Amino acid sequence: MPLPRTTADGHPIMFVQGNEACVQGAIAAGCRFFAGYPITPSSEIAEGMSRELPKIGGTFIQMEDEIASIAAIIGGSAAGAKSMTATSGPGFSLMQENIGYAYIVEIPIVIINVQRGGPSTGLPTKLSQSDTMQARWGTHGDYTAIAIAPSSIQEVYDMTIDAFNLAEKYSTPVILLMDELIGHMREKLILKHDCELELRERCLPEVPTEWYVPYKSQTNLVSHPAPFGMGYRYSVTGLIHDTTGFPTQISAEIKSNLESIRNKIITHRQDIWKWQEYYTEDMKYLIIAYGSAARAARDAIETMRAKRIKVGLIELKTIWPFPDNPIKKLAYHTKAVFVAENNMGQLIHPVREVLPERIDIIGVQRYDGRPLEPMEIIRAVKEEIYA
Amino acid sequence: MHKLPEVYDYLRWRKRFPTVWCSGCGIGSITGAIIRVVRSLGFDKDNVTLISGIGCSSRIPIYVDFNTLHTTHGRALPFATGVKLVNPEMNVIVVSGDGDALAIGGNHFIHAARRNIGVTLILVNNSIYGMTGGQVAPTTPIDAIAHTAPYGNIDPPFDAVQLALSSGATFVARSTVYHIIQTENYLKKAFQHKGFALVEIISQCPVLFGRLNKMPDPVDMIMSQKENAVNLVKAKKMTEEELKGKIITGIFREDNSKVEYTESYAHLIQRVQNQNEF
Amino acid sequence: MSTKSVKNSKIMNNNKNGILPDKIDRFEVRIAGAGGQGIISMGMLLAKAISLGDKKNASQSQSYGPEARGGATLADVIISDKTIYFPECITPDILIALTPGAYEYYAASVKPNGIIIADSNAVETVVGSVMTVEVPILKTCLDKFLNPIVANMVTLGFLTEFTGIVSKKSIKSAVEDRFEKSKFLESNLKALKAGFELGKKFKSEGLTQIEPGICLNL
C-alpha cells in the first residue's frame, strides 16, 4: 500500500525539502518564467522549475550567470509573465545591479535567496542569515525593499505565493529570504487546491492607449506599467524618469520618482507586515527572530516556559519593511529584548533603532554555519535574568 | 527617399528633437535606418521591442515608438532573452554599443549567439566609449588615442563578426553608416531571420574618437568609412597586409538550417506534455 | 569492544511504537556516515514514512560537505507528537554510525538510554555507557547482493525491525514510492527485507529493552 498522497479532505500531501516547496508554491502562484544559475544551496529550486514549467507550458532557462538570470526575468515580467529566480549569497550579490533596475522601472519579480555563509564564497553548504541587510540595502541608491522569510516547509510554499502576490500588488521586486536549513530540511507539505489560492494578477491599464501614463504622479500610489505587446508603448528606463517614463533632470520630477518607489511601500506597510506572536501576553522577556533562528527560539521558549520563565517571541515574517511599530508596542513592557540570528548581528540594528534606551537589547548570534541552538538562547536569557 | 513625416510617425511625440547625440554622430542615421526597415517590413509597432544597455547608441529606444527597454550596462541581451522567451511572437531588437556588447556584455553576447535565440543585435561600433567621455573601448584600434589611452592604445581590438561566427550566430553581417542602403538591406534580412542575428554597423564618433585622433570633421570620418570598406568577396582575394585598417563588409553567414531557441523550447514543451499524457 | 552476546530473560516488548514512548516529546535519530552512502535518502525515507505513513510529526535535516561523494554526511530525523521546531539532533536517542569517523565524532552525544547502531565491519566500538549494537551491514550487502550500494536499505530495514520506531508497512511504502517505476525497486526492497531479517535475528537474541553499556554483536 503506498503512502497517502492526499489528506483526508483531498489536498495533495508531500514530504519535501524547502526548496521543493518553493517550486510548488511558485507554480501554484502562477509563475511561468524562471531564469537561474546553479548555486548551492538553492540549485534544487532551478532543478524543480526546469522539471515543472514545461509541463504547464511555462519556460525555464539556465542563463550564463546570475546577472543574466535576473535580467532575463525582468524581461520576462515586462513581457507579462510572472517571473522568478533563485540564488544564494554570491549570486545575490551579482544580481544587485538589476534588482535596482527592477525597483526603478517598477516591474514585479520574485527573487529567492537561500542564504549561506559569507562573505564571498563563504560556506556554500552551511546556513546563515547574513544577507538580512543586503536584502534591504543591497543595490545602490534610494529605494524601499520588501523581504519576507518563512520558517517551515509549509510556510515556504505559502510565502512563495505571498511573494508573487506582493510583487504584483506593489509592482516591485520581492525577496524571499530562506536559509540553507529551511531550503534543505524536509517536512510535511500540504498543497492547496487551485480554487483556494488567492492570487493577484497583473494590474492592467483600462485607459485608451493614447491617454496612457505608465507611472503614477501621486507619490503614494502604486504604478503598474503595462506588459509589452498590449498597445501601451512607453519608455522603460533605469534612469530617473517622469510619469511617462522619459529620463528627467527636473528637480520636482526626480523627487516624485524616488518618493513614489518609496511611498508605495511605506504607506502600505500595515498591509505588508506579517509576524507571529508566541507567548507574548504576559512576557517579561522578548525574543525577536526569523527563519531557522525562530525555530530554535520556539524550542527554547517551550523549555523556559516549563520553568515559568516569562519569555515570548515575535517571529518576523516580514523583514523589510521592518515592522517597527508592532515591535515597539510588544516590547514596551518587557525588561529585555533578545535578537536571535544566524549572523554577527544584523537584525539587531533596526531593533535598536525602534526601541527606547531603557530596554536592554541583547544579541544572540551564531555564525559558524551551524543553526543557532535552543540552548544558546536559553543561556542568554538566563544570563540576563540572573545577572 | 522616404518623406520625413513617415519616420516621424515612429518617433515619440514628446521626444523628437533635440536628441542627446552630437551633431555629426552616426547614431541618428542608424535610428532612421531601423525605423525605415521596421516600417518597410510592416511590423506592428506593438510587436516590436527595442532593448538597449547603456551608451550613446543605447539611447535609441528612448526616442522611438515601440515597446522599449533601456536597461543596465551590457545586459540588454539577457533582458531580450527574457522578453523573447515569454513572447516568441515579438520582434526583439537589441541596440548595443561596442563597449556594451563586447566588454561588459561580452559573456551575454556569446551565450545569446550560442543559443541562437531569435533576437537581432545591432552592434553600433564607434571604436570608443562616447557616453562616458572618450575612454578606450575593446574595439579601439592599436595606437589610437583615447582618454584612458593617452599614449596610444596597446590592447588588440575585438572582431565582433568573428566572435559571433565562432559562438554560433546564424546571421552575421557588417556594414557602415556611410553604406546606409546596404545597412538597411542587412537589417531587413536580420529582422526576418529566425535565430540570432548580428549586424555590426561601423559608426562615427567625431566628437570624441575623431577629435582625439585627428579627424574632427564628421564628413572626413564618413568618407574614411567609404574608403576603407572592402566587400567580403573582394577581401577574400586580398592579402593580410592589404587588409590592414580596412573594414570588411558583407554578409558573413546566413544559415537557416539551425533551429531557433524559442522554437526548440516549444518542441520541448510539446514532448514533455505528450509524455505526461500517457 | 569486548563483545558479549546478551541473553535476556525479560519478555519481548511488543509495543506497537517499538522503543518510542507512548507520548513522544522529542525523539532524535542521527544517521552519520560518508557521502555516497545514501545517508540523506535514508533519513528522508525514514522521516517520510513516519510523517505520512505513521501519522506522527517528523522532520529531516541534513548536513554535508561540499563534495558530493566522500565527505562526511549527516541526516537528522526528529520524531514528535508535537510540532517540531528545532530540526537537528541535540542529544540523539539513536545514532547510526556507518564510518569510524561518524562513531568517534557523535557517539558521545547519544543519550544514556539511547542506542548506537554501528556497522560491525567498518566501526570499532568501545565500551561506553550506551547500548551499542554492532550489525554486519556491509557484510550482509556483500554476501547477499555483492554490492555495497544497498547498505542504506539494509540499515533502514534493521532499524525498523529492531527499534520499531517506524512501521514496516510505512517504510516499505516509502521505499516503493521512492523507486516507483525504477528498475532498482526490486533490489532495494530485497535489501530492506534483508535488513528486517537481520533485525529479527538480533531481537530473537532476547534483548528486550535498552540496556545501557551493553554491546550486542552476533
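Here the chain labels run A, B and C in written order, and each chain numbers its own residues starting at 1.
The rule is short, and it goes like this: a contact is a pair of C-beta atoms (placed from the backbone, for glycine too) under 8 Å apart; a residue touches a chain by one contact, two chains touch by 3 or more.
Every value quoted in this text rests on a predicted model; they were computed, and no experiment measured them.
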Going by CA means, which chain is nearest the middle of everything shown?
A
Most remote chain, CA-based centroid, reference being chain B
C
Chain A to chain B: how many Å between their CA centres?
38
If you average the CA atoms of chain B and of chain C, how many Å lie between those two points?
63
Quick check: what residues of chain C touch more than one other chain, meaning two or more?
none
Can you check the complex and tell me which residues of chain C touch chain A?
44, 47-49, 51-53, 57-66, 84-88, 90, 169-170, 173-174, 176-177
Residue positions on chain B within touch of chain A in the complex are 12, 14-15, 45-47, 49, 51, 61-62, 65-72, 75, 77-87, 89-90, 107-108, 111, 265, 268-269, 272-273, 276
Under the stated contact criterion, what part of chain A meets chain B in this complex?
32-33, 35, 54-55, 57, 59, 61, 63-65, 67-69, 71-81, 83, 97-98, 101, 228-231, 233-239, 244, 246-247
What does chain A use to touch chain C in their complex?
1-4, 13, 15, 40, 124-126, 181, 184-188, 295-296, 298-299, 302, 371, 373-375
